[in-house]
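Shared between the two complexes below is chain A, which has chain B as its partner in the first and chain C in the second.
And then the complex of A and B:
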């Protein structure tokens, strides 16, 4: 269906090859996963398929890419529109119409299909993706998972033979992600659709993939079955790391396979760890905190304390009230009721330097914090604001995301680099509380490890509080000491990470699922526990 | 060599249509000085001609394959932005933030783009503000010319000098827009009896001096604030907006070479 023969790609005004001599044939009805570190060329590979690269971007393309016999050399992206459906990273950026039905019909309007055909296909897609109850809803009011489904639907109405998705689940909670992926899985099996997908969160997609394309940073791509590729690649989901850490000969890519392989590891006496409750001081106290937008109540009178040295993960569905809580604590959105105290101070009465030294807040879109025209200017500004010696902020940034170019405009950075820059700017004022909203969107494993290390260090060695909202259970398992679980504006669970994550199977990390009923959340825990036995 | 499509540039054919449209509307503006006859002419006619020709121009441009998705998107977003800025200043004397964006966008994306942007944004903003009437055709063309000229300013200047040049241009454009708008309604504005009124069949020099007095007496209160406001915006935000627009231009990868090879090695 899709054929890459000896494909190499160089972008204009650049000397590095993004891909080098890639040979890949994707058969009809195959689901192929593209993995690789940030900036390695995953998106370029996806865009080569329908010719957006090089027709829209320019560049030198050596070799040939053809889809269903049509070469992208001869055919422009418009000529491939009936053949290939593309779903971008952020579905909201691709929507044209206001309601679900109109959005689904739009692609067919453009291809000038007759009215009766359009009606039939809209119905068909509404059923296929279980969108029928949402048909008249305004797209802006849908949740992230629903929007992603609409975007997939809009790509499917034209009956493409190939569906290309760039990180379709990175902004979704685990359950919504599952929903989107199982629909893709069904499309592959029921309709013989060919799917090419790029994704960082491997633990979510790996079980559905037939083959993996692994692009390392230097443009070299390896193609193989998930087991072959994951054995070698440094990028792997936690269960593969578990298999490696346990020294298993084979690796399993699903929880089921891994459970079968690790039975004897679980058959040991549990050593119950008695955790000493922290005796540190309260940093944040909020009481009967209520936030409402018009008639919608986002937070419904919640009360809790956060202690120094804590790393608190706020979890919950999309739209549960996580961001509202974070914004209220950071002093961005005033609450409608209740009180907040940050070491005795009201966050809404802090200004200027005093505010920077108390709260560091990184919003969902880190570029909202970045105003400079280049990375260098941004770092110099942070040094000046906080009276640090020149280069301090940049040194932190170097540590966080090595190899960042100083002349780049902050908005041209990759998602992970941008987060790193925002984080180093915020950390330069040395705040006593750090608040992060969904910091791991678009981060690869390496950047996530670095972030985890930095945050644990920050909280533990300086006795400061870190609060983060996230969907990423694997990150929570590695990083957080405490989890607050929010549903519909109420706190449903508040306790140590171990208790909260193990009590709900949907939110349990992979290692915990494999090792259940043992109370181990991460590879590190397993290794430590097994070593303790010997 | 193949390249990605350029940002809108008029072909000869389009430039020809543009010339006809401009001459028509120039006639619409300047007729008071040359007109000979008993009754005042139906200038509505100029309005409809100019609007018809301008639409023909847009259609020609769109159907001639040169306009690719990226240009359409840029034109659409910037027009919407300018149109949305227009009601902000409605009612306040000369506070019209739209000129600032129009001038800077035209500067970055060139004369042809500036022409279309001025035309479309003025038209769309008229729909938003309900400002549709005989004057719309004139406004559309005045804005289009301001965009065209802003895009034709010398390319080499950068940094402080560039901002300075743009401020000078903004003052000129603000005054020119005021003069053109006065010109289209002056013959009807005062009746026929005052010393500043249009004198049908009169001497050109007599009419010009009457018009200039009329313009200075009535509209300076609009032109000067408009010039000052636009200049302040350019001085304050010009550098940042220009760099954002230039970055967009780079990211959109206009006119980048596309090369297909057999093999690299």
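And then the complex of A and C:
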């Protein structure tokens, strides 16, 4: 169906080739997963399929990409519209209509399909993706998962033979991600659709993939079955790391396979350690905190405390009120009711230096904080702001992201590096509380490990509090000491990470699913527990 | 979106009509009352959509332009004789710039002519800002004739990116306030402008790529899923503006 023959790609003003001599044939009805570190060219590979690269982005392409016999050299992306549906990384940026139904119809309108065909297909897609209740809703009011489904629907109405998706679940909570992926799985099996998908969160998609293309960032791409590729690649979901850590001969890519291979580990009697929480001082106290926007209540009178040295993960579905809580604590959205105290101070009365020393906030888009023309200028600005000796911020940055070039423009950094830069700018003022809003969007496993190490270090060695909102259960399992679970503006669970994650099957990390009922969340826990026995 | 809204061209035609009438009348009272009417119309007719929120910023922008225009207008240029109000010291200029003067006596006539000219510019900005905030750029795209599709894409991207800018500005300023930066004053704008430009560029490219890969502009004919029809209401709005042009 899709054929890459001797494809090499290089962007102008760039010294590294994105792809070098890639040969790949994807058969009809196959689901292919593209993995690789951030910035390795996954998106470029996806966009080569319908010719957006190089027609839309520039770049020098050697070799040939053809879909269903149609070469992208001869055909522009528009000419492939009936053949390929493509869903970008951020579907909200690609919407061209106001309501769900109009958005779905757009692709057919421009192909000049007759009205009766359009009506039939819109109904079909509404049913297929369970969008019928949303048909007249304004797209701007939909949640992330719903928008993702609309974008997939809009790509499917033209009855394409190939569906290409760039990180379809990165912004979604585990439940919404599950919905989207099971729909894709059904499309592949029921309609014989060919699906090419790029995703960082392998634990979510790996079980659906037939083959994996692994791009290492230096132009080399390996193609193989999930087992083959994951055995060697450094990028692997926790389940594969578990298999390697236990020294299993084979690896399983689904929880079911792994459970079969690890039966005897689950029967081991383990001594359950009862950890007494160390008594530390309260840094944040909020009582009966209420936040509402117009008629909608985002937070419904919640009360809790956060202690020094805690790493607290705030979890919950999209739109549950996680961001509202963080913003209220950081002092951006004034609460409608209740009180917040940050070590006795009101976050809304903090300004300038005092604010920087009390609270550090990393927004969803870390680049919002950055405005310098280069990494060096950004670091100097932070030094001046905090009256630090020159080079302090850069020293922090060097620890977080070693080997970063000082002359680089922040825009040209990879996602992980940019987060590292924003983090070091914020940390240079040594705040006693650090708040992060969904820090792992678009981060690969390596960058996530770095982040985990940094944050644990920050919280443990300096006795600071870290609060982060995230959908990433694997990150929470590795990082957080405590989880606050929010649903519809109320706290539904608040306790140690172990208790909260194990009590909800949807939010349980992969290792916990494999090892249940053993109380282990991550590979680290398993290894530690088994070592304790010997 | 349950309430049937007007045709996307309606408010744009209305705006063009008003702008022509204002330029032909050339009367301060007419200009001011037009701006007043436009403001009332926007605040009563606009819905909750993101682009509707951009009107407040249009007003702020035009007030800023009016202020700058007035100051420059009374400070630089040819003196107009009349009732003196106050005197600003004259800045000496080299000989090769005859006829231009900076400073000097500011007369009532001078002040009023500057304000009138400034008002004219601002009223045009406000009127087209109103049209942009009352019309969904997406609906505008659907009625644009396909044979000018490249122009249509540009218009839609421009009119849809502008309102998004407003929400991005809010988000970026919030983030920088949290970094402990001042968000008032001129220098803060530089800090906002860079992330803002980057983001709007990325958004525009995304939108263009999405339209391109969905085949926009490939077929010169285009079918209508739910045709947007021109109704009596639309004619009334446009006629009201045309009427003003005729009597002016």
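Please note the rule applied: the second predicted complex is superposed on the first by the 518 of 534 C-alpha atoms of A that agree within 3 Å, B and C clash if a C-alpha of one lies under 4 Å from a C-alpha of the other, contacts with A are read in each partner's own complex, and residues count from 1 in each chain.
Note that a residue touches a chain if its C-beta (ideal position, glycine included) is under 8 Å from a C-beta of that chain, and two chains touch if they have at least 3 such contacts.
All values reported here derive from a predicted model rather than from experimental measurement.
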| item | value |
| --- | --- |
| Which superposed partner A:411 touches (first chain B, second chain C, both, neither) | both |
| Touching partner for A:84 - first (chain B), second (chain C), both, neither | second |
| Most chain A residues touched (candidates chain B, chain C) | C |
| First (chain B), second (chain C), both or neither touched by A:517 | neither |
| Touching partner for A:356 - first (chain B), second (chain C), both, neither | second |
| Chain B versus chain C as contact partner of A:73, first or second or both or neither | first |
| Which superposed partner A:56 touches (first chain B, second chain C, both, neither) | both |
| Chain B versus chain C as contact partner of A:99, first or second or both or neither | second |
| Partner chain in contact with A:6 - chain B first, chain C second, else both or neither | first |
| Chain B versus chain C as contact partner of A:344, first or second or both or neither | neither |
| Chain B and chain C footprints on chain A, overlapping residues | 55-56, 411 |
| Touching residues on chain A, where the partner in the complex is chain C | 47, 50, 52, 55-56, 76-82, 84, 86, 88, 90, 93-99, 101-102, 105-115, 118-119, 122, 136, 138, 140, 154-155, 158, 330-332, 351-353, 355-356, 359, 361, 363, 365, 367-371, 385, 411, 425-426, 429 |
| Interface residues, chain B side, partner chain A - complex | 3-4, 69-70, 240, 243, 247, 251, 253, 255-265 |
| Residue ranges of chain A in contact with chain B within the complex | 6, 8, 10, 12, 17, 20-21, 54-63, 73, 373, 409, 411-412 |
| Sites on chain C touched by chain A in the complex | 1-2, 49-50, 136, 138-139, 141-142, 146, 156, 171-172, 174-182, 190-195, 198-199, 202-203, 205-219, 221-226 |
